[in-house]
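Please find the structures below.
Each of the next two complexes has chain A plus one more chain, namely chain B in the first and chain C in the second.
And now, the complex of A and B:
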């Protein structure tokens, strides 16, 4: 191989590091990934390396919840040819965004007392609130298919094609029985981004939306369907299902 | 002289370490955990009981199974639900496969470069893999075969290896059938030699000498190596039951850090995790792990000081290698037992989530890095009113700082770069998870 390996950077903001572990441990193409990319910055995997770049490809996980992260993020953008947001926290706010559903001091006060006044934590933000993002590797954890597509496209120098349909499509392709229609489970599949391979319905469980709500999803229709199921409170239908991985959308709709 | 690492590498999450040496004396040593908090205890208030496991899984990208299992048991206690024996067996498989996986990540990806790359300036697995003797040993192939065998178990029972979906309050929404289980057993068989090679390689590393003043704390249970439940024991003996936890332990906030420091109320630094477990529970280890565990805990037979237990925190690495051997055997046995009792195809064991009921429940388990505590109060509609979570790294935080002070003081004349490297190595030996510690 004469060609220069693409320089990659992996950056973590407010999250569980799961996307980093997905890349470094859980996905099945680890050998190929390590051989194909020169990881110039990946703190989880290396105590050396520099965040200065420049990077051919940067992956950013996590939501933005502290002011210093905004500065870091803008620097990363400037130093990166291609920047993908990876994982639900960076893309939709993910689980950390649940914080936005209640007044900050109330949520923070349940975890800290004296330390509360030394914290600079803010309302969670997605990374494309601050910088332009070239693509979204969705999921919590990110789906292997889209991760593979992002990495292989970077090597081939083409634009990746990420999944742009709902979980329902994947259920049909997998020939799963519909858990919403057949069993009355409150499945978020119709309004949720695909990429997981319809994992929950295949495991006899309602999708809980961890790949994020699709753009232009007909949320009202699905809420109506949940009402027809008859065993969920109005509170659950309004506030529960659609805020687990969509809390920021909920506060914006107010 | 001021020594400072702003952003530690090869650990889970974000933290730094700094200290000063003035006139041959150590001053102002701090492990500053600047990982941004997500306030899980606040976010959980107002959520429904059956959402809790899916939320708390996201505390950690390497031990989500532990957070799920601990919260599920605490919630089930709160609503008064008793899980079936098959559920408990499947939960053990989830816990054991995840602990072994997590140890594998720490041993090979995070810790190994400290020792193999030492003095060669190699600071990552990517670099260490290219070292001639590592390339010759086929380390990467071994690592991936072991990781796939372990991830396969968590995936088969949990739906996916990272942030599982089929493990819920009440049980499992889906379980593998006999054919799938037999495939998992053969994958373990095929990777067993590779796993043993890695365990052996890790237990032969030349680790620095250091003696900690920490008291080991672990769960303990008659009849087996305690992971998903048990009594609280320490080097001093029985401490109490999991429901006594909040009476026995205290959390203190540190004004320079986003993580709290947890210790026994009666005082002193504690250590939890693989070394504490092996020290306190080694008689329950699988036969293959017992001999290396004995050597680790008691020292070589020729050694004079018989009753001196191993208190070197660097040996947490060796203890993880011992546990890798142990949990591998446990997984094999549990899978064999499961395969014998299962039907061909996938099963759907759960008939709906158990109903809500008002109550309080707490659970203590052994996560890969040590004691993990979850406690919940749920009202009659099933809404969470209070949540409390204390993680392994919060339990180890005080000991990590105290041991680091001791280590630096014992090596105070060392050149700056080497001392900094040694300090980082000790922190890594503890296998901290800063994302968990802050949560």
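And now, the complex of A and C:
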């Protein structure tokens, strides 16, 4: 190729590091990826490296839950040509956003034995609350397909084509049993963004929405369907949408 | 039992189920046998090794056999490797020959529709064609009707009227007297050899094991068909539907159904045997030397389906739902027939049970 390898950075905020692991274990193409990019900053892979830019491509995982992260995030944005949010924590709030369901001080009290008055923990935020994001690599952790699309597109200098349809499409293409229609399980697949390959339905489990809501998710229509199933309380149904992976998503995504 | 030769009596013979089973297992030496497994309305077309794995009493499958095996959900259409200068398109023709067994009339008609999409005009699809030519279709007339079927309204069932485009037509016409078979009675099938290929394959065996049908057998088939036609529960004025849809594209029934119930999940499109839309995308390795061009099923209910440069011309949910309903019940100009074969799958597999015939009915009022 001869050309300079693009400089890439991987940044982590509040999360389990699963997305970083996903990249570090990038099954089919780890070797090629490491050869194609100059990973100038990727803590999980190497303790050396510098977060100082500039970066051609930055991937940011995790939710924002502390004030210093806001300052860091803005710096990363300034130093990056292209910035993708990676994983549900960064994109929808994910697991860390569960704490948004209770007042912050109450959450701190439950998490730590003594009150840590020095802890400047805030309500959780998605990263595009603070900086402009060029695209979303969805999932918890992301599927290979969108991660691959992001990386190869960055190398080709084109806009990536991320999946923007329901889990049901992947489910049908695999000829899976439909756990909602055939078994009456409260499957979130119809309103959840694809990318996982319909992993849960393929194992006879109802999708719980870990990739986040897809565009124009018709929440009230699916709630109505869950009500008709007849064995869920209003609270169960509400929790299905707004606890594990939707604590911040009380409004339809536009 | 009077033995008959295939060249006699219009290539029709009555065969007991066990003879049919033996013949199919013989056919399995040349074709991958594929038939309905698991009964009722949610059977699946699956590769089988034994006749007994199939349930020929099945009423419907989730994915239609033609769409699953002739227009595959995902396939590679082209690949290249710049570093090695290799360019290949394929893999077609696919190696194994396939026999689709027990395809209902609506699904045979849907295959004939897909043929118009993929094989007519100057640019026939070589992948589809290769699979189509390698597929032996054994159709099976229906013996029961589900509450969602409306094939009778579009002439796509419950008995198959098409005279070509498939190979064999089976109709269960009774049981062999006195003969018990493992797991039940030994049923009898009217077997019609429709294609040349079928006539060659069946010339001696299994025809020699069959009985020549008599007038009373054909009368019995007519009576069974008439009884079936009376058992349909769905109805719609198919003559009036087109003008009603054309003149009322903004009808509130579309908008209300879309807003209150449609999830834009595309299950309807995925299971529809005549939906042919697909997307094509390149998957280029991070080494930037190898690339694969992949085609997969697409759906007009997806929010990004109508996203083009400058905007999305079906950004609203009801505009997408309208596209589906109209393509099935209205756009006859496209292929000279309606897009629906009345199989009822889109209704059955819609998580909220949206019914295109109900929408159309409301629009006609």
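Structural remarks
Operating definition for what follows: the second predicted complex is superposed on the first by the 243 of 254 C-alpha atoms of A that agree within 3 Å, B and C clash if a C-alpha of one lies under 4 Å from a C-alpha of the other, contacts with A are read in each partner's own complex, and residues count from 1 in each chain.
By our rule, contacts are C-beta pairs under 8 Å (C-beta built on N, C-alpha and C of every residue); 3 or more make two chains touch, one makes a residue touch a chain.
The shown structure was predicted, so the numbers you read here are calculated from the model rather than taken from an experiment.
Applying the stated contact rule after C-alpha superposition, one finds that A:18 touches chain B and leaves chain C untouched. Once the two complexes are overlaid on the shared chain, A:114 sits against chain B while remaining clear of chain C. After overlaying the two complexes on the shared chain, residue contacts for A:128 are found with neither chain B nor chain C.
Contacts of A:189 after superposition: chain C is touched, whereas chain B is not reached.
Comparing chain C and chain B on the residues of chain A they touch gives the larger count to B. Across the two superposed structures, the residue set of chain A contacted by chain B and also by chain C is empty.
Contacts from chain A toward chain C in the complex involve residues 1, 29, 32-33, 35-36, 148-149, 151-152, 155-156, 161, 164-166, 168-169, 172-175, 177-178, 180-182, 187, 189-191, 214-218, 220-222, 224-225.
By the touch criterion stated above, chain A contacts chain B in their complex at residues 12-22, 24-26, 28, 30-31, 34, 39, 42-49, 65-66, 69, 94-96, 98-99, 101-102, 106-115, 118-119, 121, 140-141, 196, 199-200, 202-205, 208, 210, 233, 236, 240, 244.
Residue ranges of chain C in contact with chain A, taken from their complex: 42, 44, 62-63, 68, 73-74, 259-267, 270-271, 281, 283-288, 296-297, 299, 302-304, 317, 348-349, 351-352. If you check the complex, the residues on chain B that touch chain A are 7-14, 36-43, 45-48, 51, 54-55, 58-62, 64, 101, 105, 109, 113, 121, 123-127, 129, 140-141, 144, 147-148, 151, 159-163, 165-166, 168, 173-174, 253-255, 258, 348, 350, 381, 387, 424, 435.
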